[in-house]
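Next come two complexes built around chain A: one with chain B, the other with chain C.
The block that comes next holds the complex of A and B.
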């Protein structure tokens, strides 16, 4: 029944699926010593294989045997769709849920009876209930009042995060050297352009250095300073319109074209041909002046580590200067950042698992979100890895936390940390996790505090989609919105690199499909 | 006597020896506490070098010098059919029995394998030779062999194995090869599309063993045994090994596991308890285990510090890795294990192949990679602790457990089969120094000297050749007893002969 090929059929059959639900469950499997076997698959388990003492602690505590497996970043979607289509899902699985695949994954699975809903009453799992209460746009994920996943909240303690850290890191040392540095890395639009010109003149001769380069999925980033919505759909006068052809978007588009192929060569690399990861490598190698990237703590830590491996970057001051975060306001004097949900991806439960197994998994997740589980995920086992004073002060113990020859704590394979990824990305632990690069965290925190101040003063534009449009499911939008975004971004790149004319660019957004989808959206929102 | 942390006072020693003869104090290793009567010895994984072009100048000399000093009695050496097979032809039929292929036994992989086997042959080392995985590409669209779905139960696996072993044993004459490893860690399935084990099951693996046994017997290689299991972790091993013992005890001669253990479990001696439970579980089904059929940990290492993506371990440069591996060894042997093979010899042997190219698996006792820094090329602390253990715990020895257990002190004694050599390993895992007297009941025909080695960051003593040398040599006999102070966080080894 899971090989349903059309969403329509799926919806028609959904009632039957619910009726048959009780018949589909697979019996629980147990080890010889009576532990319930849990098969859990998660992208972040690519760094963990189980079998460690911390996992054993959890297995003993909950009477389970955990069989973890992972996905690869490059093929994540297919590695979920494959088992879903062949009725071979793990008990727990992890999918890159977003508004563009919502209908053909979340809704499709839920209505088709492939995934199991969370219980209506979550009072037995207070930490999960509390966390779900903080998840942005949670109601949009409910089908007939039921929730079929646990979104992985980024920061369980600071859930009001409403913008993403997609921004510019730059060579402050070059800016200082060329006399274009601005105090505290704060640049107006003109100062930003002056800096890029200076970088281009001084560094880009021969084409080996780019004044500006964007992470592949973010190109061309400078349109962010002009456009009014992040992806396909912008709102004008209360109606949904195609974002790619708004006057604001096209203004940014022309600038991008000028910088990429219009003779200025600010974008010094051929981003049209770049593969994932290419631009980051160029920055690490000292061949990019300003780099647009998702400056998550993990990415920024990696970036600093890689740049720090260069021979000439031999002091902390040099590293800070080579990896500084820029604060650039656009032509309107405002900072512009992409908005988003306060969660990324989601954990799902196979419909085949029993209520008993689901409850057991929820027990584990709830414990991991509570104090004891969080302490284990961050530090390990009490009185072996750490102690806590009467005043609550944590002291790491030598047996559990050794340092390497560079003086950094050595990471242990700690299953609690990885199992916690079933519910959260764990940003709440950044402040005290001994493995976090505190210098990178401090720089990011300083940047965030600056942005928050500017936001409070009305100087930040957060590019968001109206949730009622973003999560709306209509016949054509559900089926084709993902393709629209992909094709739209491709048209942008083609135009920027002169592969198509402006007319051809505009025509690619006036197709019947665009008309149908915009019509559906506007009809749904009463326009 | 610089940094005197072992306090062996001669007068006290003489007094203790006299006083202990009939009324032993401290720790006594009685003959009745013989936990292993046919110890297989310690060894190391010495796999085929995947990229010999990346080795530094003089690498082979360094490798063999290290191997000479390590003196392993067991070596696990693995290769890949992907490196050796070419011109595959399935004849356009679904019938696997008519498939044909050729072997390149002259390429760099086999040349290197033979270099390692030449060394082992010359030194009388027992080798478990195996093949990592079935041939083919995990990506079904790129896989021409289609062996992955059936794993080692595919009839071509047994054919390739027989051809390979015939070449090595018959053509090349390697008598050092004692066992065949029927694929690496068969219980670790991994992800479909990424792992060659993705579709494996115990039933397929068992069928593979049956096929290989039959194929080897058919060409008269009855003397090549098969490793039973080679599974990883307690859960997978507890699944496979009892089935092997129950279903095919006549097809395997050796129960083999891989154990990567958290520091917590080593430090708290939980590992030894778990290993004893596993060992006893298998022995209940096949009483020959631990005697006629050795139980060997073919890959032994510590889990903490492991980077799963690069398969490197950040702990290996620390002394604590050596101390914990010594503790690991003692706990293993006291639980009945017949042999331990450390993972691994040299960083330069194995690589991870990812989206960002290939990276060396840094988990060795040293590195001979040309790209490695001088620090990385040095013998790591755990090489030296391993040298002490591999040279002390001899093949065929009896292993004795202590008469009593003391908190944070893990000890065992060994006496060679002929009674001419003996020794004690004592690992102090506590935060305080421990003073203890050790005595071995079984007679040792020694020359009246006891060689004392201490492993910790302050006291490890290396000779001018860069290899470990005794901290102290005292007159005495382990049958009479020896009193010594073991510093906190140290391994002490007492031997009736220089190691």
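The block that comes next holds the complex of A and C.
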């Protein structure tokens, strides 16, 4: 019996010890050897946990100990809002800031004292200052003249692009086979429709192939050629109106309905029931002729890789033909792209960090944006990973860069590259990053140059929302605009697929909430 | 000889009787239940086939009946994934330590609340039961975890769940259903409460312990929510959280160029099998306790 009692006591004591262990004191600000601890949390750190030679180099250079952790794409909101609402934020954190959550996140945190503003004088960090000077709509982000985040600019070198790369990728091989191919992949509105009809007639037998399909959150893409604003609010005569019921929007809507459920069956894939990623998989499988997709370099690289895995796509020429980018002008003869910011998401600083810590973080970011940091992020450590000739030519060294059996460089965890995501998505490095698919990049660059040329000639319609409306914070707009957009898109899909009548569709945009929000906007802009 | 004929006859009768008893309605039921069983089994079967198929096969035929081509690349990738192995270690830790911890506190609380001779029992009971119906909400919970110093600690997935009210009630009801005479007899023989609990009641409660132990084990194996909210350190992420991140990331559109391959459906399915197979192997051995335990715990309210 004594043994049993002893055993019980041991268990109880162990459990008490376990419980008490959890109740630790506040974490230290410095390591034992005097390094400042920096806790940095970022969505893009999911493959990197620190501890590599490049992180060590930066830690030694700046006398810091970096503790990185990542967010998960699915739980980003919860993982930020929870700590933000309980004053438990990491020193540096990353959030998907946009005009829809601006009031409830950025503004709320800044006014509530959860986040720390950047210093007014950024002269000590010239690269950061230079980069912020290129950020679109920066003034809209300032509260009482202070900036509370660093927006992650997409491409520091080429920051003027203010449109999203949502466009059409298509089976040029099918077009050639059916005799509807147009030189340089440039299609007028009629040629585009002819091509879709040809695809439908030749490939859609039995319903297994769709002539046209859109990425789930971009459906129906063809409305872009008609509508005048990208999301909820359009401007008419200086006043804000509901975009979904403007005559232009409804014209595109009727065409989409005709193509989806009105008998032409151009949209052969049931977009109404599609889950995220379904349409892309259909394109990879050769079941979609024209695919409207967010052609960021990452997505286009993936798309080419997946299509290239098909047995019949066994040469570069065939791959290029199966993943060509289409240039379609609308009924007005103009190309149409959705406008957007030149940045995606933002880096924030907890209000709890000291000025000294903020300065240290800014020192690191500024260095990473400079030449030395950029080289390190792209290549690694000089004379170990790469050398530079007198003429400035970079040669990668075998010691630092291993290759796979196909001769492609193998990615290594480079802390500099990940830490640079505190300020930029790093598209400026695409040209020389050894890991970037240069063929995909070249095709995208060619498309971008074409679009820029057309833009310069006035042949591009960029769908943008008036910044004064987009970033406006009012009681109802701040709280409900995201829901309006979601419901509006749902109504569009329902109407296009014949689930509701036009009257029901229109009624869904005459609710009290729409009235309140439009009233607030028009009142704020003096209408 | 008589014995042989006796055993022979019923066998024949039973066999004939079995077929005689199967009527047209039974066959309809067989078909319906068979279809139902297929509906449950096929997704697992299809997932297994996808996990051993190359991507082009899945692209062409998402719903497979027979494998067209085998590849174990997905499983190779899974077994080479440090994140999954790290998650596996954390989950194994939760499974062993967490289950023992929860079992211990739930059982001793259930036992104490099944005894009728102490002051304040009903108050304690009600205080525990109220947590079944009302919670403080996420933000107060966040504050609590933060102020206890459990944020970003592996214990955050163990300590807050020490007592599961529902299982504690099952345990309490079971203890209460055992004859009180045994306790009185043991006390007459000079045993104290701890001796009675460990020497008499606990050995008699093995079916219930196995049942709620299985509940806790399954719960810990599937645990991801607390890790998602409170864990930043990647080395403390649970297996299910890692799996969730892999699946979600593979279907998301990250803006940043990613130089590693995006996970395919095959990889997702291989991950799913990696996480469910251990539990599927473990479950049948405890199933007989599980069924029995559910019944015995429900006798007394």
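Going forward, the second predicted complex is superposed on the first by the 499 of 527 C-alpha atoms of A that agree within 3 Å, B and C clash if a C-alpha of one lies under 4 Å from a C-alpha of the other, contacts with A are read in each partner's own complex, and residues count from 1 in each chain.
FYI, a contact is a pair of C-beta atoms (placed from the backbone, for glycine too) under 8 Å apart; a residue touches a chain by one contact, two chains touch by 3 or more.
These numbers were taken from a predicted model, which means no experiment stands behind them.
Partners chain B and chain C, once the complexes are superposed on chain A, run into each other and clash.
By the touch criterion defined above, A:297 lies against chain C but remains apart from chain B after alignment on the C-alpha atoms of chain A.
In the superposed model, A:74 lies in contact with both chain B and chain C. Within the superposed three-chain model, A:426 lies in touch with chain C and out of touch with chain B [touch as defined at top]. Of the two partners chain B and chain C, more chain A residues are in touch with C. By the touch criterion defined above, A:51 lies against chain B but remains apart from chain C after alignment on the C-alpha atoms of chain A. After overlaying the two complexes on the shared chain, residue contacts for A:404 are found with chain B alone; chain C is out of touch. Of the two partner chains placed by superposition, only chain B is touched by A:384; chain C is not. With chain A used to align the two structures, chain C clashes with chain B at 187-195, while the other stretches in 187-195, 205-213 or 403-411 stay clear.
Where the contact sets of chain A with chain B and with chain C meet, they give residues 46-47, 49, 69-70, 72, 74-75, 79, 82, 277, 411.
By the touch criterion given at the top, residues 54-56, 59-60, 62, 97, 101, 104-105, 138-139, 142-143, 146, 148-151, 153, 155-156, 158-159, 194-195, 198-199, 228-229, 232-235, 241, 244-245, 248-249, 251-262, 265 of chain C touch chain A in their complex. Residues of chain A touching chain C in their complex: 1, 4-5, 8, 11, 15, 18-19, 21-25, 39, 41, 43-44, 46-47, 49, 69-70, 72-75, 78-79, 82-83, 85-88, 90, 154, 276-277, 281, 284-286, 294, 296-299, 301-302, 305-306, 309-311, 344-345, 411, 421, 425-427, 430, 433, 435-436. Chain B meets chain A in the complex at residues 188-194, 232-235, 238, 260, 262-265, 267-268, 270, 303-309, 314-315, 317-318, 320, 355-356, 375. Of all the residues in chain A, the ones that touch chain B in their complex are 31-32, 46-54, 56, 65, 69-72, 74-75, 79, 82, 277, 380-381, 384-385, 399-400, 402, 404-405, 410-413.
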